[in-house]
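Two complexes follow with chain A in common, the first pairing it with chain B and the second with chain C.
Let's turn to the complex of A and B:
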């Protein structure tokens, strides 16, 4: 029997996917373009993510069991589902490799200086494979376990930072003009559109809950949280300094000192972010494995998971270093590639839904 | 010596083709003993072999089936005034001699004046049920049943002309008195524990649970050991699905031996590749009864004082019987402390190794100076130091368990003190490491159940290695893998992390904190149960109402 997850777990997966990696990697790029309006760029970019996820859910709900790939396979054969599955799996494999690369880079720089990334990658991949093979429930439960403390940390964060706040840092509004804001929004699209991963989880969502509501909570909540932290970064560091820091989100915690004994809070954040990063690798790998397995009707997923994880691991090793990587996020072609893939998948899903509806109508009338 | 002619005669009388083949093979044998292949073939047919009306044949075939076993006794006798030949079989040491004497007296002395069967009556089971002072006398028709009864400690009577063997319970197996469980002692609470006898263990449960809905089902496992296993549950409380599942898993066991409940545990659990016990194993009858009152199912295995209780959860493995006997605030405090110490037990040394090796920047400056000073001169990296100390500690603990009790304690204490102190003085380990290892050892002793404590001990080594190689990154990765593992574990379909994951808010009153008894009105929600209500509404104690001018506690009109 297919494992089912509750609305809370589903929303937690979407929230973690939308907030963990951007928290470390986006602020630098966004501040460079939008300055103190970076928080707004995230919110507006989040609308695109919300739209992508809701359209995905809408399209999935057009098919039986909210499973477009399976429905297409059953109705027209595996070749009908292949374009969607291949595009979707390729996108998620790329995202998994990127997340793996980001985690190993972060670890090599801040936790284990001098340790090459390829030493860390097998461990990350190993845990991801184990979680994916165990199924959707463990994956979503980790998401919940990471998401809850993350929300608490962000809610408590202002109390540790309020002495550093300078309200003038976000004044005046639109100091860098509308162009900067639009540019920053375009940078966020590649990230926020990753909410398309809802496709692999919606079929596991309990039928008792409203899929649109929980999707909106997960994706919307992630971007609100991200926006709040971006605003905090701007309030503390201003609109210039974060553009020169590699991980401004990390530095935000480094300056908190509650007392002499409790002075290095960033350790806790590091642990949370690491767990979130590992989860991102896992969720994207899960999504890639899930759709390919459904397309080819594979029940024992061990070998597919292992093969895809090895590919992701290999890809992560050929990606550029941390500075180039953050530069890459702002490249136009990079963002067009991501957004193009996301829209292509949505288009194929919509076509599938339409063809399915037409066929159903033809059968009913025939 | 086997009387081969009688065995051959018996087999021929059976008039079955395979019996004739066997008879030919026995007839062809020479010597005092049947050859091993022939004995094996005879044994394979024992369940089909009927009891013969000829006493001599029965004696010969039982002897042939049991071999020349010294402890198998056959006592020929004559019953009744007509001196009807009979023979009483029993296994010396397994049967109670007093009961044997009573049976023999009834058969020989008391029946001396009357013929058997009585005039006009038939020779059958009822004749002997009137004669022999035994609680139950059953008639069995096959040699397989005869052997099973004998090897259970019962006595078997063959009578000339009777095609049934009479089985009388005379079980006199060596037993010990129920005494305090060695692995789960408590300060407050019952002091009796299970023994090796399944009959007594069941009685210990019945003594506490005098409910007519208590159900007991018997299984015999092990083609050679014929171990009795009892499935015990409360009708109406235990969910039929779980009872059926336990029944199904026990029924499908096909092994030659079951010497301890551990054999069964590994054959019925949901997941083999895990360190965590998916079945709660206890020596305490009160724990079993408490579990059954929450809808759990117990399996009593003969020959071991360890009774299995299922389904189990991680929380149940960390609870002690005493948690429910002491006052609730103190119990809650101790329980919370226990949970904290479980984390210390498996993450303590790993965290120390990670911090001192890779993440010194996380330590407040003053503490860092203390640690560096303590580690000065130690020639090994922290991970080697930790592993060596932990291995020594485990060796001492294991030695303490294996050695005789009196010596064992002395060795543990002397070993810990001398080795720890000497190692520090020799500069091989730092004093801080000794403190960490000692604290960890104490923490692992706090875990009430041995199986859980073992799991934590093994995990600790894995985390020390991860921390030694990858620091905090290794610990996070390890914790994540552990979490995935725990989340996906099930015990008879019940999630192992229940009631925390999936969250059951109503059940949180008996996890880290135990609320007063009167507030635990309902049984756990995460367990599929027939009846959730544990008590009535008005159990909360109140001080008696004080009448105006009256004394508190005085009777009211």
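Let's turn to the complex of A and C:
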């Protein structure tokens, strides 16, 4: 019996996926290119993410049980599902490794200074393996438990930052021109397009709820939240300084001091982010394992999960530091690679849906 | 059963790891740096001084506690900031941590000679130092400030922050300085402190004390000018909150003396306008005041005529102070207030075409100041006790 999740849990997974890592890693690059309009870049880039997720859901809904990979395997044999499953799993494995790298780097720099990344990675991977093996329900429940307080924090955040706002930190609208905004949007696409992960969760979504609505709530909500925090970052630090800080999102919480006694609230808030980061590692690993298992009809996923987690752990150690990582985010080839993979998967799904429809039509007329 | 044992073993292993401890560092091994001072060195380019609270001395058996200063102030000279820090580390029996750093003091001489860019860069790249640190410029040697014994707070760094808080006005931290430094529309400023001799003539009074003395204005990374009173008094109207500040002005009849008022609320509105292809500014200063004292002999201030005369005199004085402050900014080519930002917001294309020449343009920009104040309160009275009604009648007769 396949595990099922409610619309709220499904949306929470998509929202966490779309907001946690970009919150820490995107602001620097976006402010560098778009300046004060970084919030707009996120919203416009989010439209691409929304389109990717809705097309994914649409394609999945064309297949029985909203499971394209399984349907393709059953209809045409395992080789038919292999291209899409391999591309999708490779993309998710890469994203899982990157998330693992980001969490371990951030933790070893700011939360547990001096602790080597390779010590943190097995702990994070261990938790991820456990959650993946237990299935979609624990993953989505953790996502929900992390997402709600995160929304609360972001809603309360402006009250803590109110006295940090200053007219001297505001620029005229589109002062840096459209070029910078377009460049910033191009950087966001690789991140917002990660909403393609809906493919692995849509089959678990309760058939009683509207899949398009909950996908839009999850992906759209993530980008609205991200856009709000981006606007706060530029209101507090101006349109230049965040482009020179490694983690402006962290500084946004670190600057809050109600008095000399009540400060460093970032220590509490960052635990939420850490949980979200851990979840991102888990969800991407889950997505990679899920599609490979379905393609090869593997029921006991323990070994696949362990092997992929070890690969992700190894890959996470390749990038030496945060400078290289943030540099990579802004590289054109890197973003083209991500967007190319996302579009290729969407294309293969659409072709699969079309071929399936044609075959159904042929059988009906025959 | 075997799987449960395996699960238990994994959980125990994870529980041990969850403490997050990688290498053992005891609290006793930490030297918590609260204050940092940067001076021009005598033998080398930079002299770096750190102030760390000393742990309380242990009571000796049957005797009094060993007499030690509550703070360890240590200084080293080197070619650059990080080398000097390295030398201090070689003398410290505790691992230096900067998570609780409160103030950074930069001497006037250093800020003029080398600029503050290198110091600010070092502060922002250090992952332990937070953007809430308060930077100060020191008239004289910065090290001396850390060596001075504070009176109402246990350590000089917290004493300095206490002075800033108690005074009110402008809240200025490393974050604000860095935002200004990265900006093309305005320039940095920092509060200025100095060491004064013999603050009180009592037996127990320390030989020196520290006081807030003005504001340091920067152009790019270099100290351009230090403004003292009365210009410094105007600064919170532009970059902070003037509430609580006291203004004294000559009476309408200057021979009679002065009168003072505290600010209940104050606002400055800067309106940029274009005149002959050049940006100009109209500065409107408005305030509500609480009359604190008066030598002007105008009787009850609840009478509109008496109040109007005082308001006009105070507004005139405030206008002159603001004009003088703005003239100082223009002369020194500094813009901590953000006139450039106002021009940029109002005329983005004009500002963009300046190509980073705002400070040159600012020095030529015409500025008109208009001040308006309302006296809404006179403490808990309606008039000073002097002069009496009888004296007032006599004065009128004489006139």
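What we mean here is this: the second predicted complex is superposed on the first by the 359 of 366 C-alpha atoms of A that agree within 3 Å, B and C clash if a C-alpha of one lies under 4 Å from a C-alpha of the other, contacts with A are read in each partner's own complex, and residues count from 1 in each chain.
Note that a contact is a pair of C-beta atoms (placed from the backbone, for glycine too) under 8 Å apart; a residue touches a chain by one contact, two chains touch by 3 or more.
Quantities reported herein were computed from a predicted structural model and do not represent experimental measurements.
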Checklist entry - In the superposed arrangement, does A:112 touch chain B (first), chain C (second), both or neither? => result both
Next on the checklist: Output check: A:237 vs chain B and chain C. Expected answer is one of first, second, both, neither. What do you get?
Outcome noted: second
Next on the checklist: One more residue to check, A:322. First (chain B), second (chain C), both or neither?
Outcome noted: neither
Item to check | Partner chain(s) touched by A:131 [first = chain B, second = chain C, both, neither] | outcome: first
Next on the checklist: So in the superposed three-chain picture, is A:123 touching just chain B, just chain C, both, or none of them (first/second/both/neither)?
Outcome noted: both
Next on the checklist: Touch test for A:78: chain B only (first), chain C only (second), both, or neither?
Outcome noted: neither
Next on the checklist: With both complexes superposed on chain A, which partner does A:145 reach: first (chain B), second (chain C), both or neither?
Outcome noted: first
Item to check | chain B and chain C contact sites that coincide on chain A, given as residue numbers | outcome: 111-112, 115, 123, 126, 260, 263
Item to check | Partner chain C, residues of chain A touching it in the complex | outcome: 109-116, 119, 123, 126, 163-164, 166-172, 175, 236-238, 240-241, 244-245, 251, 254-255, 257, 260, 263
Next on the checklist: Please output the residues of chain B touching chain A within their complex, sorted ascending.
Outcome noted: 358-359, 361-362, 364, 470-474, 476-477, 479-481, 483-485, 487-488, 501-502
Checklist entry - Which residues, counting only chain C, touch chain A once they are in their complex? => result 10, 14, 17, 20, 22-23, 124, 127-128, 130-132, 158, 161, 171, 175-176, 178-180, 182-183, 185-186, 338, 341-342, 344-345, 348, 352
Item to check | Touching residues (chain side chain A, partner chain B) in the complex | outcome: 6, 107, 111-112, 115, 120, 123-124, 126-127, 130-131, 134-135, 137-139, 141-142, 145, 260-261, 263-264, 267, 270-271, 274-275, 278-279
